[in-house]
Structures are given as C-alpha cells and as structure tokens.
Amino acid sequence: MTPLLQVKGVTKHYGARLGCGDVSLDLYPGEVMGIVGESGSGKSTLLSCLAGHLMPDAGEVIYDTRAQGPRDVLGMSEPERRMLGRTDWAFVHQNPRDGLRMGVSAGANVGERLMAVGARHYGQIREQAVDWLGRVEIAADRIDDRPRAFSGGMQQRLQIARNLVTGPRLVFMDEPTGGLDVSVQARLLDLLRGLVREMGLSAIVVTHDLAVVRLLADRLMVMKDGAVVETGLTDQVLDDPQHGYTQLLVSSVLQV
Amino acid sequence: MTLHDQNYNFGYLDEQTKRMVRRALLKALAIPGYQVPFASREMPMPYGWGTGGVQVTAACLTPEDTLKVIDQGADDTTNAVSIRKFFQRTAGVAVTEHTEQASLIQTRHRIPETPLTEGQILVYQVPIPEPLRFLEPRETETRRMHALEDYGLMYVKLYEDIAHNGEISTAYAYPVKVEGRYVMDPSPIPRFDNPKLESAAIQLFGAGREQRIYALPPYCQVVSLDFEDHPFEASKADHDCDLCGCATSYLDEIIVDDAGGRMFICSDTDFCAGRQAAGHIGRLSGKDTA
Amino acid sequence: MKMIQVSDVSKSFVLHNQGGAVIPVMAGASLSVAPGECVALVGNSGAGKSTLMRMIWGNYLCGSGSIVVGGVDVSRAAPREVLRMRREVLGYVSQFLRVVPRVPTLEVVAEPALAAGGGRAAALDKARALLARLNVPEPLWALSPTTFSGGEQQRVNIARGFVHEVPAMLLDEPTASLDATNRGVVLDLILEAKARGAAIVGIFHDEAGRAAVCDREIDVSRFAPAECA
C-alpha cells in the first residue's frame, strides 16, 4: 500500500533558531497521527510545513494525489497547491475565527469551497450545506445565521463542516479542541472520530492534550525542541514511554 | 528645437504624467479587466469627485476631440458641469451633450442609452476598483486571488444575496468576468447597464484614490456572474419614462410633492431630450411638474 | 500451528527522570497457545501477568525476544500492522473502560465490529444481543457508560470484547466484580469462544472460574529476572 503522505527530512529554521528539524513520517490512508509536545516544540511549525502554509528549508512532502499519484507538494505551483488545499485537504484551526468567514452565513461558509471548485447551482450548494450542517449537528434553521451568533463549540463544528464538504482525504488539525469546554470537547471528539471512520479520513492532529490523542490518534509522535524524540502506537507511547521527555510529559498529566 | 513635444503637454497633465498614464492604459487594454497600478496625481478636486476619470480623460484628449461628461446619466449636474468646464478651460476642446457626437465621454455611474460606436472612448470614474474588497480586506490576498483566478469568494457574496433576499439583490457595481479571466468591478453602474459593457467603444476605468486603471477593449467578452438556477437579470423600474414614453431605458424616480406623487424619467438626459424632440411623449408630457 | 507464540521475551523499564534507574521485570518468557485453547497466567501480584499481557497486545514494548500473534510479530511490526492485528486477529477485555464521553453504550460495544468493517446494522444487533445476555438494563444502552457502576462498566467491556469474533483473545480479570449470574454468562461466552477455535490468554483471580474454562496454567514468576528472583 502506498502511503497517503510521505514526509522526508523536513527542516525549518527561523533565522538561527530551529523550528523543526529533520522530521520524517509516513501516513497511510485511514490513519490518524497525533503530534504532541509543549509550546515551542515545533509541532505547529511542522504542521504548517506539511499543510503548505510554510515553506521548509529542506525536505520533501510527498502526497499521493488522485490524478497523478505521489507528488512533492513543495514543488507544486501555488495554484496546484491551493487546489489541493481546498479539495483533497482540509485544515482545522484551533481558533474557529481563523478558519471561518465570520461576516457571512453558515451556509455560505460551508458552500465556499464548493463554489471555489466551480459549483454554480445555488440550490445544490444549499442542499449540500444543509446536509453538512446536519452531519456536524447544527440545526438546518441556523443556515442563514452568521458564525458570530454561534457558541464556540458550534463554530468549531461549522469549521469542520466547511472543511469536509469537498470530501477531502487528508485533514490537518491544530489543537481542534483547544479553548472549548470539556463537555463540548467530548462531543467534538466523538464527532471527529465518527467522521474519520465514515469517510476513511487520514488526519494529522497537533495538540498538547494527551487525552485527546489517546481517543483520536492511532499513532503518536512526540516532539521536543524541534525534533522528534519518540514515535509509536498511541497507547504504547503513552503507557510505556521510552524517552525521558515523554515519561515526563505522561507523568505530568493531572489526574481527575 | 526643444526636447519636449508641446502636444504632449496638451490637456492639463504634464508630459511625464501623461506618458505614465498612457502606459498604464495600454497595459490595461492589453490585459482586459486587470487592475494596473498607476501613480495617481493630485487633481484640482477632491477624491471621490472623479480624479481617476479626469486623469484618464486628460491622458486621452487630443485637440480634435469632442468631450461629453455625464453624472448618473445627466449632463447638467454639478459634477458633470464642473469637469466639462475644467477641460474646456485647460484643453480648449469642443464639448457636446449628444452621445453620438462625442469622441470621448467621461461618466459617473451610467452607460449612455444610445449605443456607442467604434472610435468612441468611454471613461469611468471608479471609487473602489477591487470587486473582492468587501469580502477580503487584504490587498495582498486579493491580488493573489486574481493571480490564481481564485474567485469562489465572489460567489459567496452572490450566495449571501440569495440566502437573505431570495434573489441576487446586488443592484449596482455588479461583478463581471472579462474574457473568461479577470473578475472586474464595472464601477457603480446599475446592473441594467451590464449588458452594454460588451461594446464597440473603448472603455477605460480610472480610480484616483486607489491608484488603479483597468480597461475593456472593443468587443471583448464581459459576463455578469450568476448561478445556474438564479441567472443574471438586467433590472429596471417597471415603468415607462413619463417624459418621452420610452419603455426600455433606465429610469430615475423623482418625488414631486408631499402627497406621495412621483414620476419616472430617463436617467440619460440626452437620450430623453432626443426622443422628446423627435415627438415621443410620455404620461406627463406637457404638464407643469415643477 | 500456534495462534499466540511468545519466545524468550524480556522487558525492563528505564526511568529517565529518576536517575535513569533500570528496573528489569521479565526475562526468558515463553509460552504458546493453540486455537481452541485457554491459558491462564498465574502468579502473585507484581509477578508480571499484566505486563506480559500488555506486551502481547502491543501496549508495552517488548525488550527482546518475539511475540507472534496470528503471523504478526508484535515486537517488530509497524504500528499500522499492530492496529490491523487488533482489529482482525486479537481481542482484548481490559479491566478499564476508556471511551469517548457521551458516546452511547450501544455504540461503544458495537465499535470493534464497525472498525473491522462489518455492516452497521449487524454490528448493532450483535451489540444488543450481548448487552441483553449480560443483563445490562436496556434503558442504559443509550447512555454513555462513563457514569456506570464498576460491574456495569465491566460488562460493557466484556460485550465490547466479544462483539467481533476474532481468532485470539486476551482477558484481564473478566469475572472480577460480577455477580454469580453474570459470572456464569461470561464463563459461557469464553467457552463458546474456545469452541469456535479462539486462542485465549487470561488472568483470573477467580479460581473456580479459572478451573472451569482454562486448559493450562502458566506461572509467570518463572519469568522473573535473575536479580529480582
């Protein structure tokens, strides 16, 4: 089986300071990979490099495209990368305000990606928007409301609907449950897990919340000071951590 | 012999400015619908009064030209009169109110009803040249969106119109796609005028404050954006002109008393006067409405 | 042909944050389980029963040696191969219920069958049948098991472990905290699994239960490393 995403030696410096160094990984279809580490460990830098938001100094990000098979995303032209970014890829930001258009209705937020790839039938766009709002548990009668009128959890679910409407195969998530109430987090996790399974999504989830990765990720990568210190099955890394930093991370979690 | 050709300094602008504006105009004509940056100069009038249009007009004028200036279709409003006088004084060109006699027409917010012909130039005053501006405030981002033909956002605007009003309610500055490539703001003309953008004349757009020039060469393709199930419609008030009886021209609604009385008249004053002179009459013809 | 084959496995923990202390917990562990066979791990608390079971599950890394389950060497396989083994080959009934809060019990139970690619309707039917058999009251099925009592959670865990029929199973104290009736149901489930050919490794403190279902006992204190013995 060909990996959906192959990352080889991705390195990014900010001036003299290392953002992330020599990171390699393979992600297979249907796999969810968690990346954990404290603030400044380079996990968000890595995610930005993989998602094409940042150009790394070195390395390759090879994606198995639908039309042409494996291609280095970093070597693509910007229009190609943008097209990928709004069809086959999705990016869920921590703060829904970064991923939503706050000034237009929920329906338009969901429909934008469809319109960007050429949908020109209002009725069909709206139908799909209603369908997706339902799938993320937002009532159909909220379709013409702006996201400002939504709670934080609803905004995050709207962001997910907006991203998944074009049926992507790879989803990047940056702290998807950060900043949400614990009860809302659980609901979102449940939703994400269901969508991942139903749609066969592959995902890379960056978070500092170990409970989130335990429930969401099949595999785990632990980062510290820009480097990967440990990888493996999520439950194995959390229950039998090998690296000192991971041991510290796991033992530092407050128990309820 | 001097280094400077005095003809080049004709029409208010200095020679270097005129060269600069003309270069921008040529580039704009070569890439229909693309916004060309230019070094907009201070004009002896405030921004918003047509400084962009005036610079384009000044850059195009030759001593043989006949100039017509309209504001919302009318030749006799303050803005039109003062710009016309400005060029009468600074360039000494002939002026006219008749569309068919003009070689260059500067307009604010209308396209004349009389079809334009080859050889004529129509200059638009443009307040905000960027059709994506109210959806995406960052100039860096809108330029990239034009470069990548990333126009999904423009449809978001039309979607919102339908979602909130049941139809595309954008009535003026209705966005168009030029030659299948650039999305363009046709300046705040009523959408009734959009079909006239496909024209035999050269159309030039000048935005003074925003420092942009763009253009439509003759006969280039201009398509108003729409949805398959909500096609574009050129709408107008559902009346005939009360002065000339015309059923197909764009109308202004005028309140005539305190009792709800109103009349509809052609917004294009030259067109209406021409029809009245030819004997056409409307509902209120011959009555004293003043 | 053995279903589960553990060969010369050792394991130690290195505590990097406590002066790099190395704690050996197992050495030379070997066992094999054939299809249709149930093997009990016995030994005192701390002898390494759970550790060995967790290594077979892939939850703890294997220090040296090999652990082959249904043809997959857990000690060397890539994470996705271990995951596939867990979906298709090896079932696990742990003592702890770890689920996403808010997910209804019925979905929690059906999940392994769904993950293995079974039809949704069939998976839910199987889950209902198991919950009924384990006497979990029907009104609870639509609720999340996170707030259930210990015994109820234990039965949800067991239902989850048996909902998808796999050729090998790990059972960690399946009858703990159960009343007599439910204990009987669980023992029946184990016997049925054996009858259809499942290879089972279990930890049972319940000696009568162990005797009823197990063919052999393996005392893991035999695998204690030299310096701890």
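Letters A, B and C name the chains as they come in the text, with residue numbers starting at 1 for each one.
By definition in this document, contacts are C-beta pairs under 8 Å (C-beta built on N, C-alpha and C of every residue); 3 or more make two chains touch, one makes a residue touch a chain.
Labels paired with UniProt names: A = Putative phosphonate transport system ATP-binding protein; B = Alpha-D-ribose 1-methylphosphonate 5-phosphate C-P lyase.
Every value quoted in this text rests on a predicted model; they were computed, and no experiment measured them.
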Checklist entry - Which is the least count of steps on a path of touching chains running from subunit A to subunit C? => result 1
Checklist outcome for this item: Reported most central chain by Cα centroids is A
Checklist entry - Based on the averaged CA atom positions, which chain is farthest from subunit B? => result C
Next on the checklist: I'd like the Å distance between the centres of subunit A and subunit C, where a centre is the mean of that chain's Cα atoms.
Outcome noted: 32
Checklist entry - Rounded to the nearest whole Å, what is the centre-to-centre distance of subunit B and subunit C, using the mean of the C-alpha atoms as each centre? => result 77
Checklist entry - So what's the Cα centroid distance for subunit A and subunit B, whole Å? => result 46
Item to check | Interface residues, subunit C side, partner subunit A - complex | outcome: 13-17, 54, 58-61, 79-80, 82-83, 98-103, 114-115
Checklist entry - If you look only at subunit A, which of its residues touch subunit C in the complex? => result 28, 31, 183, 186-187, 189-190, 193, 197, 214-215, 218-219, 232-233, 235-236, 239-240, 242-244, 247-248, 251
Checklist outcome for this item: Within their complex, subunit B touches subunit A through residues 135, 148-153, 155-156, 159-160, 162-164, 227-230
Checklist entry - Can you list the subunit A residues touching subunit B in their complex? => result 78-79, 82, 86, 101, 103-105, 107-108, 111-113, 115-117, 120-123, 125-126, 143-144
